[in-house]
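The structure follows.
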Amino acid sequence: MIPATFDYTRPASVDDAVRALSDAGEDAKVLAGGQSLMPLLRMRLAYPDALIDVGRIGALREIRDEGDALVIGAMATHHEVIRDPLVREHLPLIARATETVADPAVRHRGTFGGSMAHADPAGDLPAVALALDAVFLVRSVRGEREIPAADFFVDWMTSAMEPDELLVGVRVPKLGSGWGVHYEKFHRTAQAWAIVGVACAVRRNGDGVEEARVALTNMGPAPVRASAVETAVSGRPASEDVFRTAAAQAAAGTEPPADLHGSSEYRAHLATVLTARALSAATGA
Amino acid sequence: MTVQEGDAVTTQEVGSPRKRSEDARLITGRTRWTDNMTPAGTLHMAFVRSPHAHARITRVDTSQAKGRPGVVAVFSGADLAEEQGSLPCAWVVTEDMKHPEHPPMAVNEVRYVGEPVACVVARDKYAAVDALEEIDIDYEPLPAVVDMDAALADGADLVHEDLGTNKSYTWVFENGDLDAAMRDAPVVIEREYIQQRLIPTAMEPRSVLCVPEDEDYTLYSATQIPHILRLMLATVTGIPEHRLRVVAPDVGGGFGSKLQVYGEEVLALLIARRLGRPVKWTESRSEGNMTVHHGRDQIQRLTLAAERDGRIRGLKVNLLADMGAYLMLVTPGIPLLGAFMFNGIYKMDALSFTCTGVFTTKTPTDAYRGAGRPEATFAIERLMDELAAELGIDAIEVRRRNWIAHEEFPYETIAGLTYDTGNYEAATDKALELFEYDKLRAEQADRRERQDPVQLGIGVSTFTEMCGLAPSRVLGSLSYGAGGWEHASVRVLPSGKVEVVTGSSPHGQGHATAWAQIAADRLGVPWEDVKVLHGDTAISPKGMDTYGSRSLAVGGVALYSACEKVVDKARKVAAHLLEASEQDLDFSGGRFSVRGVQQEGKTIQEVALAAFAAHDLPEGIEPSLDSDATFDPENFSFPHGTHLCATEVDTETGMVKIRKYVAVDDVGTVVNPLIVEGQVHGGLAQGIAQALYEEAVYDTEGNLTTTTMADYLIPSAADLPAFTTDRTETPATSNPLGVKGVGEAGTIASTPAVVNAIVDALRPHGVNDVQMPCTPERVWRALRGEAKPRAAEPGAGGGLGSAGGDQ
Amino acid sequence: MPRIRVEVDGATYEDEVEPRLLLVHYLRERLGKVGTPVGCDTSNCGACTVLMDGMSVKSCSVLAVQADGSDVTTVEGLGIDGTPHPMQRAFHEEHALQCGYCTPGMIMASLDLLRENADPSEEEVRDGLEGNLCRCTGYQNIVKAVRRAAGEMRDPAEQEVTP
Amino acid sequence: MELDHDFTVPVPVDQAWSVLLDVERVAACMPGATLDSIEGEEFKGRMKVKVGAMTITYRGSARIVSADESSRTVTMEASAKEARGSGTAAATVQAKLIDEGDTTRVTVHTKLNVTGRPAQFGRNILAEVGSKIISRFAKALEEELESSGTESSGAGAEGAAETEAESGASVTEITPESAAAPAAPEAAEASGAPEAPAEPQTAAAPAAKRERPLRVAREDDAIDLLEVAGPSVAKRAVPAVGGLVGLLVVFRLLTRRRRGRKKR
């Protein structure tokens, strides 16, 4: 299939980009890596008037250290994120989860920010951002604002960004020492979307769990934190039994979708199994 | 021609792992896919397709589209109604078979999602696709018919109102006294198995290019059947056959899906005729998933009666086979190809087979790799495992007690076929050894003991199949519309180089390599000196094309015969040149020599040159060695083998992982082991994919929800295991080469091996079936003891509308 | 219409293109580089894989305008003066193709794989090719071919390092 | 896809019945719908469904096919085609009123049939979007019926309030730090105050854009392309609005909206 026509601009700077976005009106779309957008265009499920290609704005590609956080430029590709020494050192969960996104060729083009802005509940990275309490840095001609991950993912493929806003980067607090991380992705074939995914970070204190962050992929129209699980493991011994018991609440309060790849009921079940496994893997238990 | 003659041949080429001559262009991108060709002036077609499973077309307004820039013409079905005819079905399986009209482009009514309704012809693809949006069509929706059982119920909504029923036919085959077999049988096993609907998914999407020249038309198509297509196009359109040339250039896989006469092919021809310009159409994958014929889709209701010792008494098979909305080229015959395979390799006293073809508002079904035989093999091989479980006998042992022993061949089966040769014991013993069966059984016991969340299962499939389609007399008895012969001709050029022309039409198998091996051996010329020509009705005027694992077993044998004729002709010329009698000539290594006087001889190249010069030929001999031959097999070929699969089943998530897969196949004499192994690998991948991944899913309203590869899951390298393959070799006695087909064997054998392994892992949990594809959710549900829900619940990797509408 | 400048298989092209023109269609229909085929419309199959500035991309999911200024290598650009590239040769030697439709993409993806991992294990090859579908081979011989090519490609490299 | 909704409104059955017979009012409950013209009994309009990067615009018509006063049942049919594709959408809505004295129980049974691309994916776009649209329709109908009881009280408040209270709240909820919509957060926090959301709506233009509810374009009005965005935003926002107060807000705003019909 073939995309419908659209106008195309390739701004050289963030300022130019947000201006172009503002001028283009609400039916414009930002073209980042295009790995989610291109299939939609080709299937004619999307009809943007204009594409603002931010692929050449070098500043958006940087991954920088801000002391207690990393700021990952929206246009850093998955490939770059996976290999970035800062990410690997301070935010290995992001590297791990990104490795599971699509396939190598898609990871060469697809971007960290693009995945976030697409806000696909089956995407792997939104749950990771949620688990890590990331903050989304958003620009428009009206200025700049920051949106915490908890507010960013609003609904099925819908983020809190306005049509005239551009995601410029994501600030992710470093986890510091003592944390173990894991992303447990469950899918039928290597290329397939996650039926359920669990992003997990656990800080251990000796044999016990001091703090846990657990966020779920594809367990609702947007990623969700399994806060009941987080609470249930905090302060408890890092053991499989504890994890299993706590994980039994993983699906509490979620509204998992039912589709070709899994029923709601099955997803709810999977969430419990996978959460226990993710906790174990993150703690080496 | 006798087997002894075959044995006399020195076999240096046949049996050697020749690297393929086809590869050079394929690895460098110098390919000739149909879509690669765009003659000057080519126009591009695009289709508006029905979004409805079933609807009346009340209005088609093409006026806006006609005004779009770059648009040359727009046609609705009504615009072509006078000339488009009806797509052919060549297999009228019963006298009273209901056989509806099937216009290439819908005129009054649409009966599946994706059926073409209107067509834009434009200067380029982009302009054509844009104009589709401007075509305005009104439909009056009619009820979708999705579920086969419901379709047969009284008062059911009808797919074809005028037929008065959704039943196309009921076809019955019976042999032996089934009632007696069932009466007081100590063991009776009843099962219902679902053969889900599959989408063949050749990597090359369909493509067709029609180039008109005066009153002649050359149609390039990604087809398996250029010869059949030419005849059918002539029949459908009334364009005389001799005005049509069909070319199958490089064809990127078929697996049965390109064994078809598609509406788009007919329309490309008609529109090229109307516009007097080349017309091309290439489908997109999502378009193709809706419109390439689908495969399988049967509900199998089975009753097996057996003795306490495991010996089978009889088998009753009741099939519902989903035809889809129309009968295409061989749609109704596909399930009947399985009729003779339900007994598998086993002896039994009675077999009763009843198949009902059912119309639904879905894409028509037709041949997909194995075509009827995988379904039958699945049924009997699954039942053998069920029987073993019922009796507490090892799955291998129960098979041993029933299979035809090697000394019993030739053996006439309960289905009336004569299996010429086979050695099930040898293949099984070899497979067990490679598999380390006992070791894995021990591990299985250990995991059961430990209540390991990951259980191990072992699945067995001791299969055979009938292939090498087909003896013409058999096809005739099954009311098939054509014969099953194949043609080949051999041209010996003046320089001694050889051109082989074959009626088989490859699409990835490697005919050019293997045929050259056969010819090189028979003629004693270097392999490099043989060029194989195919896939163009102007070059290869006679043929029955490629499907049903027939190329080598029928077409290869035709070539063998043609080569024999060349040698016979050459012998006459050589005898003349050597002033010896024919009987005194030996032919070996491409050289005729006078027996006892080895230094006196003529090479076949020298003889060819002499024949060309024609200066000194014996009386009554034409100046040519060229020969052709047509081979009509006297019997099918019956490859067999033993496949063993070990699966690890995660009982917490339902995820299945193949731990080990061993396939020992007996495909008779092997011409090229490299190619044979490749065929087995690819066949395994597709059979495993049916067991674990693939399903075409329709919702209750008849929408296909697996239109993309994101939803119709084709496994990648990361999803499949490494296979251990080996062979035993029991030559076929039905042809002089001793060969059997191999193209479908892997697919036929592997599906039940995988499912048997999954069920074996879960049997202690009370599970005796998991419906295909065995998605994690289905496995999980089976573990929870859930009966198969017939409700319209999504999920489970499947939905409604595929074979029976349950999931 | 935007004007783009692209180097493809060593030749430079400058063209005006519609923004919506897919790179693969640009290659096939404007440049006549039909060696790179299209197999799907959701970027699943990988048949259209090419290297863009040395990295594998699915050319059906890249706009021609996005390739402006890039260096694109297709399967047609491999090998030197008619001598096949070791990867192409390995695919032939190991019978890693049947119909050959996935082969251009498979070869390009395999080259990308070796760029990062010169000596991949069987499992690494399988994982690395997760984005390329083949319907004929069952992948077994593809995996063998990639590992064979890796071996052949490592050898000359080693010779260079240790003169 | 079949969906059932059931609610009770604090108006007598006769009053609710008269609303149900007003196709314009009922059609107006369809989120994202725009009315283009009224031809006799038939209402023509369009509906733009926008979810993330996906957009599908439908054009079609709606009409009452039966109204049985004795059983207090109205059946309405709507059918539409994609403006740029071959797909269709059809809905049959059967609303039944049950007299419960001062209140009326309403059951709404909807049969939704979508064809074409949105129905052709395993990721269930149809279920994700369709059911949410219908849920919002039922919710809006509930509000419309309730508003009929106090219609006069809202009359005359000229169209400042373009957004349902719940959407207003949701917008503010999801963009609490929107520089361009400084009033929005306050509006969210003050959602208990009936008038509060009205004011920020105009100020928070970009924010409100994504979450515009239905408006009906009059013959004398310019055609407005509207959209449904993030269909379950409303659902998420409901708790923020909360209980009876929220309902009151809804009811007031809707009343004014109906009177307002102001072009954006």
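Labels A, B, C and D are assigned to the chains in the order they are written; within every chain, residues are numbered from 1.
Assume contacts are C-beta pairs under 8 Å (C-beta built on N, C-alpha and C of every residue); 3 or more make two chains touch, one makes a residue touch a chain.
From a predicted model like this one, the values you see are computed outputs, not experimental measurements.
The chain pair with more C-beta contacts between its two chains, of B-C and A-B, is B-C. Centre-to-centre, using mean CA coordinates, chain A is 32 Å away from chain D. With centres set at the average Cα position, the gap from chain A to chain B is 43 Å. Centre-to-centre spacing of chain C and chain D amounts to 51 Å, using the average Cα coordinate of each chain. Of all residues in chain C, those touching 2 or more other chains are 18, 20, 25, 41-42, 44, 127, 130-132, listed in ascending order. The set of chain D residues touching two or more other chains comprises 84-85, 122-124, 127.
Each of residues 1-2, 4-5, 39, 43, 190-191, 193, 258-261 in chain A touches at least two other chains.
This structure has the following touching chain pairs: A-B, A-C, A-D, B-C, B-D. On the side of chain D, the complex with chain B involves touching residues 81, 84-88, 90, 113, 115-116, 119-124, 127.
On chain C, the positions that touch chain B within their shared complex are 18, 20-21, 25, 28-29, 33-42, 44-45, 47, 74-76, 78-79, 84, 88-89, 91-93, 95, 97-104, 107, 122, 125-127, 129-143. Chain A contributes residues 1-8, 10, 31, 34-35, 38-39, 41-43, 51, 53, 55, 79, 102-106, 108-109, 190-191 to its touches with chain C in the complex. By the touch criterion given at the top, residues 4, 26-27, 29, 36-37, 40, 43-48, 118-120, 122, 140, 142-147, 151, 154-158, 160, 162-164, 193, 221, 257-261 of chain A touch chain D in their complex. Residues of chain D touching chain A in their complex: 51-56, 84-85, 117-118, 122-124, 127-129, 173-180, 206-207, 209-210, 229-233, 236.
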